[in-house]
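One structure below.
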Amino acid sequence: MSEVLLEARNLNREFPAGRKKKIHAVSDVSLRICEGETLGLVGESGCGKSTLGRLLIRLIEPDSGEVLVRGKPVTGLKEKEFSSYRRKFQLIFQDPYASLNPRMTVRDLIAEPLKTYKVCGSKEETTERVLELMKAVGVPGEFLHRYPHQFSGGQRQRIGIARAIAADPDLIICDEPVSALDVSVQNQILNLLRELQTQRGLTYLFISHDLSVVRHISNRVCIMFLGKICESGPVEELFQDPLHPYTRFLINAVLVPDPHRRSDSAELLKGELPSPVDLPSGCRFHTRCPYATDLCKSKEPAMQQIGGREVACHYPGVFK
Amino acid sequence: MFRKKKKEKEQAQDIRLASQIDEEESFFSLMGRMARENKLAAASAILILVFILAAIFAPFLTRYSYSDMDLLHRLSPPSSGHLFGTDEGGRDILTRLLYGARISLLVGVVPTLLSMVIGALLGLASGYAGGKIDALIMRLADIMLAFPSMLLAMVIMYMLGDGLINVFLTLALVNWASVARIVRSETLQLKKKEYVEAARVIGVSKAVIIFRHILPNCLPTLIVLFTLNVPSAILTESSLSFLGLGIQPPDASWGQMVNAGRQYFYNAPWLSLVPSAAIMLIVMAFNFLGDGLRDVLDPHQKKQ
Amino acid sequence: MLQVNHLCTSFFTDKGEVRAVDDVSLEVPAGKIVGIVGESGCGKSMTARSVMGLVRAPGKIKSGEILLDGRDIVRLSEHERCAIRGSEISMIFQEPMTSLNPVVRVGHQVEEALLLHEHVKKQEAEARAVEIFEAVGIPDAKKRLRSYPHQLSGGLRQRVLIAMAMICRPKLLIADEPTTALDVTVEAQILRLMKKLCGSGTSILLISHNLGVIAQVCDYVYVMYAGRIVEQADTFTLFDNPCHPYTKGLLDSVSSLRSGAQVLDTIPGVVPNLLHLPAGCSFSMRCGCCMEKCADLLPELHETEPGHRVRCHLFDKEEPA
Amino acid sequence: MVRNILSRLLQAVCVLLGVALLIFIMLRIVPGNPIATLMGEHADRAVIERMTAELGLDQPILRQFIRYLADALRGDFGTSYSLGKPVAALMGAAFGNTLKLAVLAALFAWILGITSGVIAAVRKNGLLDHLFMGASLLGVSMPVFMVAMLLQYVFAYHLHWLPIAGVSSWKGFILPAVALGWNSAGSVARLVRSTLLEILEEDYIDTARAKGRGQLGVLVLHALRNAMLPVITMMAVQFSSLLSGAVITESVFSINGIGRLAVQGISGRDIPLLQGTVLFSTLVVILGNFLADCLYSVLDPRVRKEG
């Protein structure tokens, strides 16, 4: 296995929610991202996956736990000391309409990281670099001086990607980069992300709620439920043979676009996500889990290794 | 290679298609659109311009002096010689109105600009920094906003004393708090926007984020606020002057002219009514213009 | 049961007329789930709103008829329409978060339709509301009636909306992207609930951009593109044997994502602007098999096999002279 | 709910303290000894010093402030320099008039404003809409003194329908209240119209229509209640501007009210009087805001439950 690029150890983050209440957004999460791979992060809305992504690159500071970059802890660093790392981690946003400043031209948008890190000496050089980047993501150079609102969603997402790769990052966190796009455009963007990864040796953390997309693009996957990782492992193994009941229900709930494979009889998860403010005791999943026992209600399961995979369940594979 | 070329062509076409959806709207084309769609706003803009020009070129527009008395023609009603009549000193009211426009317009614009700058800076600081700075500024704003504005203006005038500059300062001090509040809430909203987060991801400095990403996106709100605050400044000043607390002679504002005419109101109502009407017109013009600007500039308050 | 004939709905904007729905004909037989699928801006929601009579200015139904059990509801007066809405046809919307009145208890909102159409007593309405809450799977039905919308999760709110739409046992339910705003596990639950409702006698017109949703629940499918229907067939035929290049492209996009292919199939370009449609086939600009006449001549809906129609020149039976 | 109200009450008290301190400081950084100014150039220096000491004006500002507060809590706002009477008594006499005037004006403004706003929204772009909105813009743009003087000229001086000044009978309140409320009526009407139009675009309005509610039912049962929320917030602000306007109206119609006392305070360089009246008006505004907050949380369940 290649070198570990980014490692998180026991990250915790809570947000205040009214009087004396807290949202437990991320609890005790540890993960590793290796150089050159794509790690998928899957979960339903409100499970803390976006918060986790932002904790990793210190857009949000953790309450406890630490982040290591190539083995060096960076959690306590001052913003100035961290800036050399900051340059190496970029983010692609979900909403291509909200993530580009409407009052800046394409050139200024893509040039912003170049200027911040003084990559280019002169204005002409900057423009040249911007044109190169635009070409790389498939936005014609003639639109250099246009504003974001003049582009379609897919094109805006391309501009966002150009901005993310401008300062030559190592890791890009893709936060639901295609979920706001139409199906046909979604595939164009996924192809582009792949292409850039092979050309530039990028590492991705790919956050999504769409299992098909994650399955397509990732090497490894982490499944999150209510602020915790409940299962992780290589993508095909995990999809073929899930160990955590939640993973299995997630996979079952996928709507296959094939009328011959209707899942009318498949078992569905009951109820809704418990509130992240009043967490259930013990295993956080036990209120929805049909296999839950008294043990699950009282004791929180620890992460255990099974083969090349990790799962946090007292009874992994119980449903088989 | 061929495939790639084709792809680029397609994408170029993409954008041409997309760009039809939302044609480029520069500031001028926006104003043009407003003028076309909102005739009232356009007329108001012209009226404001006329007032400004009249104030600047007042000496060329009238053959009377604004201060020389003409005791033979005291309190004469509107006639062809004196379009709006004369006052108790026989001075032509139209002439005094033109000169008064200088003060009244200045009183609308200067303190408003001042309060906008103070309010915007404090609002930005408060919204972006949060925490103690925010609490301090906002409590201060709460206190300022708890006063009925006339009474606050009266107290500040009392504190500073008379004089044009002091009137400016007073009006600025009365108005900054509401500007700060609005800018703060706008900043809070913009701060959560993904493009501001994107700038933080890139690692740009706070100053750049505030002045390049947040402030320009507050501008539409600020422009609208400006056009709506100018008339309220004019109204406050005229009310102060009406009570005899604002501009003092020999400077003449419209509000002061109203006040001067009060004692002759039943014999010569035009003394007070003409400047009142002038105040009403300019205030109305600014209000119309502000509404028109809001319709085209503010995406939240779409045209209705 | 519902029959829409040559429906045209347009928006009259400053920049010109936008034909959001252009000559759409469709049919919802009793007891079936019929789907409309298409990308954003293709006019599928507008079709639904036209049927409900909820098109907002500057939009207007220009022509066409909408027959509910043979009665043309386009020509009814507003008063007569109100009597039909909620009792015979009802609708659920995409955004469960904003589709409930925030300051009124959900129980009251659900009972409202009942009080309005069936003139029942308050107590009976409440009993019926509890009943329907239980039927749509809302736990603690009695307690929930007294909740305000903001106290419920997205899935529960969507259930409340379904309960509200179903309480008068309408013949037709129009569901506009009912699961788009929901999480996958909840989405599956809601879809199953809708199937159950259909089993108990209500026809459903389901609008979605998600081919998975369509494949899973619909009996018959209409594919819309740029305001027009480009293909229609029963679900199995459509997925097994798509004919229109657009339908093919859509299906390929989705299936290549699942096949493990390295490079995904895409449809080049974007959905065209409805203000500047070409004279001919609106898909011609993105079509891989675009012919000369495609740009200028609008293709007809051809029947390729019984119940399967395609709007494409590839299926022209004879060359026009 | 109770906690919510208590915390708001606490906030209101803090703001009031801040207000008091601010006025106190502002009125005391005026250059020169107020007693000396009051007594004129030829006053005996010893007398000035004696009086200054008597009134405690030679002590540090903070101590003066605390003493003032303590007195004020006991209902003693000091003695007016210019009128020679206790400020509290002066204000007591005047307050009733101002309150009656403001409440009448507010009722006039809100009833007129809300009705015409709703009608304008329902008849959007119709004749009534243009009529009402034109009138409301006129309302917003006319200075209070202009309305007051016009009303006085037409209805009192010319037609003799109503008294020209003073409030010896209830009739005396009509013209001042209309003059004062005119402005607010305009802005309330405009806000009601725009809020209502915005709310009629909301998704839940569609839901209600899909249920089969007619236009009137949707408007009354679903839109109005939501539309009232921002209007309530505005009403609180309006109340404060009514008190501002009262200064002018009282002056035009010679009504013995708080506003006129404040003007007297300024022209008489009468710090205790000015301080008392401003503090008192602000107290009324803060109370109004507090009540509006409470009303808001009664009407909006989203605020009610949370912090």
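The letters A, B, C and D name the chains in turn, as written, and every chain counts its residues from 1.
Here is the rule we use: a contact is a pair of C-beta atoms (placed from the backbone, for glycine too) under 8 Å apart; a residue touches a chain by one contact, two chains touch by 3 or more.
Note that the structure is a prediction, hence the values are computed from the model and not measured.
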item	value
Central subunit by CA centre of mass proxy	B
Relative to subunit A, chain with the most remote C-alpha centre	D
Pair exhibiting more inter-chain C-beta contacts, A-C or C-D	A-C
Approximate Å spacing (C-alpha centroids) for the pair subunit A, subunit C	32
Intercentroid distance (Cα basis), subunit D paired with subunit A, Å	53
Inter-centroid spacing, subunit C versus subunit B (mean Cα positions, whole Å)	48
Per-residue multi-chain contacts in subunit B, two or more chains	7, 14, 17-18, 21
Sites on subunit D at which at least two other chains make contact	none
Touching two or more other chains - residues of subunit C	268, 270
Residues on subunit A engaged by subunit B in the complex (per definition of touch)	57, 59, 83, 86-87, 89-91, 93-95, 98-104, 112-113, 116-117, 138-140, 142-143, 146-147, 149-152, 154-155, 160, 163, 167
Of all residues in subunit A, those that touch subunit C in their complex	44-45, 152, 154-155, 182-188, 190-191, 194, 209, 211-213, 215-216, 249-250, 252-260, 262-264, 268-273
Parts of subunit B lying in touch with subunit D, wherever the complex brings them together	139-140, 142-143, 145-152, 154-159, 161, 231, 235, 238-239, 242-245, 255, 258, 262, 265-266, 269, 272-273, 276-277, 279-281, 283-284, 287-288, 301, 304
Subunit C-touching residues of subunit D, taken from the complex the two chains share	201-204, 206-215, 217, 221-222, 225-226, 229, 299-302, 305
Interfacial residue positions of subunit D with respect to subunit B in the complex	14-16, 18-19, 22-23, 26-27, 29-30, 124, 137-138, 140-146, 149-150, 153, 157, 194, 197-198, 240-241, 243-245, 247-248, 251, 259, 262-263, 266-267, 269, 274, 277-278, 281-282, 285-286, 289
